[in-house]
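Chain lettering (A, B and C) follows the sequence in which the chains are written, and residue indices restart at 1 in each chain.
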Amino acid sequence: MQDGDVVLRTDNLRAHYVLDIPGGQKVVRAVDGVSLQIRRNEIYGIAGESGCGKTTLMKTLYAAINRPLRLVSGSVLYAKDGQELDVYALRKRELRGLRWRYMAYVPQGAMSIFNPVMKIKETYRDFLSSHLKGKTAAEMFEIAKDHIDKLGLPISILEAYPHQLSGGMRQRVAIALAALLRPSVIFADEPTTALDVVVQRGVVQLLKDIQADLHNTIILVTHDMGIHANVTDRLAIMYAGRIIEEAPTVEIFRNPLHPYTQFLINSLPQFGDAGQRVSAPGQPPSLADLPSGCAFHPRCPKAMPICRELRPDTIVIGEHRAACWLHAERGTAQDAAYS
Amino acid sequence: MFIRNYLIPRLLQYFLVIFLGITIVFFIPRMAPTNPVERTIAEIRSRGTYLDPAYVQQMVDALTEMYGLSGSWLQQYKDFWVRLSTGDFGVSFFQFPTPVMTLIKRALPWTVGLLFTTTVFSWLFGNIVGGIAGYAHNRRWSKLLDGIMMFIRPIPYYVFALGLLILFGYVYRKFPIAGGASIGRTPSFTLSYILDVLRHAFLPATSLAVLGAASWFQTSKLIVQNVNAEDFVQYAQLGGVKESRIIFRYIIRNAMLPQITNLALSLGQILSGALITEIVFSYPGLGNLLYSAISTGDYNLIMGIISLSIVAITTLVLIVDLVYPLFDPRIRYK
Amino acid sequence: MVMPLRSTLKELFRDYRFLCAFIVLCFLAALAVLSFFSPYDPTVWYYAPRDLRPSAQHILGTCSRGQDIFWQATFSIRNSLVISVVAGLISRIIAVVVGLVAGYQGGKADRLLMFISDGFLVIPLFLIIVMLAMLIRDKMNIFTTGLLLAVFGWAWDARVIRSQVLSLREREFTKTAILSGTRTLELVFKEYMPYITPLAFSTLINNMSWAIGMEMTLSIVGLTNMDIPTLGTTLKWALNYQAILMRRWNWLLTPVLLSVLLFIALYWLSVSISEYLDPRTRVQRVGGE
């Protein structure tokens, strides 16, 4: 892996929700030791069941954490203008300067992310005027119009109020808005959830078009393995606040190492296959009360005694990384190879 | 769509409420065990005046006519509406023969002036301060303000006004404690007269404004705290939109919407507060007029004040409700 | 929202506002109970010398009507509480019935009932109450006063209960119950009441404080029975005897302070309970009720 290619790097990142409850504190370990290297010009997928910490990971990477969520350890480093930038060391104003120009965010649930009393063009104007200096209202409107037009969305939406747009259209506007200032990194959190299949395809295509145009990095979170198969270049599987497997998407689908990944892939419907879809038995664990050892062991059909005792290290096999005792013998431990 | 789904039902409700309200006002006295004529005569007797039986009969007839109680109920009901629409509520009994309307017209400017300024002021002030306090709800000053409001908010107008009266009228004699202006001054548009009116209005206005603002403050603070957690506010923050813009165009702008509806709902309550405040400070408005009408049993005057107030308040509520869609496009373009 | 009583109380008492309010209300309730042991008949005048300062014999002094201020206060607290409880309980019954019927039945019944309650919210109710009180002035006692206030104090809370019922109707257990042939009444009492009771209780407190305030207002205007000592009539008598001008603070301030204590305690209780019930929609009703 060439370091020059890496746009975002984290090292043993931990972010926990610390809640005050009667008689003490409750700690929800939503992000619990995540090490990632995400490259320029790729669509990086993060998959996992709901409640595994995906959204929290995205917020932490985007440096948008608010109480009760706290950064416990690790750092988030971005490559910008040939330097590494620790976003948690920045001042509030500097961080705001990165927003939308360098990195942009498409939040989950686009149904309600637009101010209900403002037209879409006013949202555009707010985002533009907060990051571009010395533009008149008319110029900003022109920029918005060109941008919308280039992405193939109807210009009339600028004059609409959010409640007048369909869910799919709102989602597309949210994605378009993220690409407005040609950022280097776009975070997209569950952009296709709650949309029907036909609309999903349009949204996915928009993401792909934007990436092809900007040659930037898109980090795409969704629990839908079908979308990952279609869109992402590399894929990470998240379970209970940790990345348990990561590889090029093709490789993961061809040769899943972790039993959990195997469940995720097997739960996908396939053509010509009438067999029953098997998903992982049981429920994902509570992040406030994780099982000992490998967090997946209570649901794992291949669990061994050691899985209950010790948490597996991440091992590296070429482009493939996995944290599972089944494969512990096959590669080098992560610490040596990765940081 | 807006007209059919919002405007027409709202107007319909308005007319129905007025119709029913006035009908209730008409029927209540007629269902009562004693009729107002007997009551008036009993009032006069209870003051120790001896009444000649022949004279009593004459009086009964005159009062029956005056109170619009002659003829069948249907006839009376029709007459009632006719009188209402022409603003003719007959003459006051205890300030005979001044027409009720004249008395009301004399008192109205004082009440409207007091009520309008204090309502507008406390709504704006309470909402803005409450909004900012809600945005900064983790700051110490915000918590302190909230704590103070927990004491002021539950106190009823009457007790609060009385407290102000004792404090400023008797302990520190800084403000006049009664009347709308100094006795014997003729109304004029001179600076000294206006200052005199303002000085007299200070205590009643303060009692209304403080309690009003306290209540708006609390509601507004809670609404803002909830709006603060809305997706669109979080999104604007993720997008690095300027903070001042987020506070005013995203948070306060949206938090205002329920407060407009609440303003409409509170108008009826504000009226009762204002009437009571006027009584405490002997302010020459409708409240005081109603008070003296009740204590003297001036039947026509009471009916006049109540009917007019019902029409006025429901109209105000209607206006607020009709203004609402201007601020909320979701209603405007359904 | 359905929760065991004991853990609910434990949780509530952790809120200092609930604790303070509870202590104050216990104190006031104790005063009200004391009235049963009063050595004096509250309707008798001049059983003591007039306008005495506080002393061992009359701990708060006496008023210009020759009555003991302390014992009079115990009666006034008791009667004001009785009025508010009568008004609160009866209007809760109306509110629950209206809310249940409107929410469960839907359709025409719903539209009619909500039209009526809308009307109640829009009209200046105070004036209607004044008018009614005027006409039954001779028959005003603590029960008729309570009843009068009950008739007008349900509209808002019926709406609150209705929206709760509407959301319950959408839940799974309603559908299963209906499909399995449970009778409507049984469904409503067994399944809905556990959700509605806490609502009725938290609105009861608001309503009680509204009723006490209304009673005081009516007394000040002179529309209640002045022979029955309540917080309102006690204050009214003090004002009638020019207690402010004569600086009889012990007479005037007793009902004022007691009522302030009562209002603050009831308000804190209701804020604390409604925050417990629904931390997000802690928005209190505006306008004093």
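Convention: a residue touches a chain if its C-beta (ideal position, glycine included) is under 8 Å from a C-beta of that chain, and two chains touch if they have at least 3 such contacts.
Computed from a predicted model, the values in this text were never measured in an experiment.
By C-beta pair count, the most extensively touching chains are B-C.
The chain with its CA mean position farthest from that of chain B is A.
Mean C-alpha positions place chain A and chain C at a centre distance of 54 Å.
Chain C has its Cα centroid 22 Å from the Cα centroid of chain B. Between the Cα centres of chain A and chain B there is a gap of 55 Å.
Counting partner chains per residue, chain B shows two or more touched chains at no residue at all. Across the assembly, chain C contributes no residue in contact with two or more other chains. If you check the complex, the residues on chain B that touch chain C are 13, 16-17, 20-21, 24-25, 28-29, 32-34, 150-151, 153-159, 162-163, 165-166, 169-170, 215-216, 218-219, 222-223, 226, 258, 262, 264-273, 275-276, 279, 290-291, 294-295, 302, 305-306, 309-310, 313-314, 317.
Interface of chain B with chain A (complex): residues 230-232, 234-242, 245, 249-250, 253-254, 257, 327-330, 333. If you check the complex, the residues on chain A that touch chain B are 62, 64, 95-100, 104-105, 107, 109, 111-119, 126-127, 129-131, 161, 163-164, 177.
By the touch criterion stated above, chain C contacts chain B in their complex at residues 17, 115, 118-119, 121-128, 130-132, 134-136, 138-139, 209, 213, 216-217, 220-223, 235, 244, 247, 252, 256, 259-260, 263-264, 266-268, 271, 280-284, 286-289.
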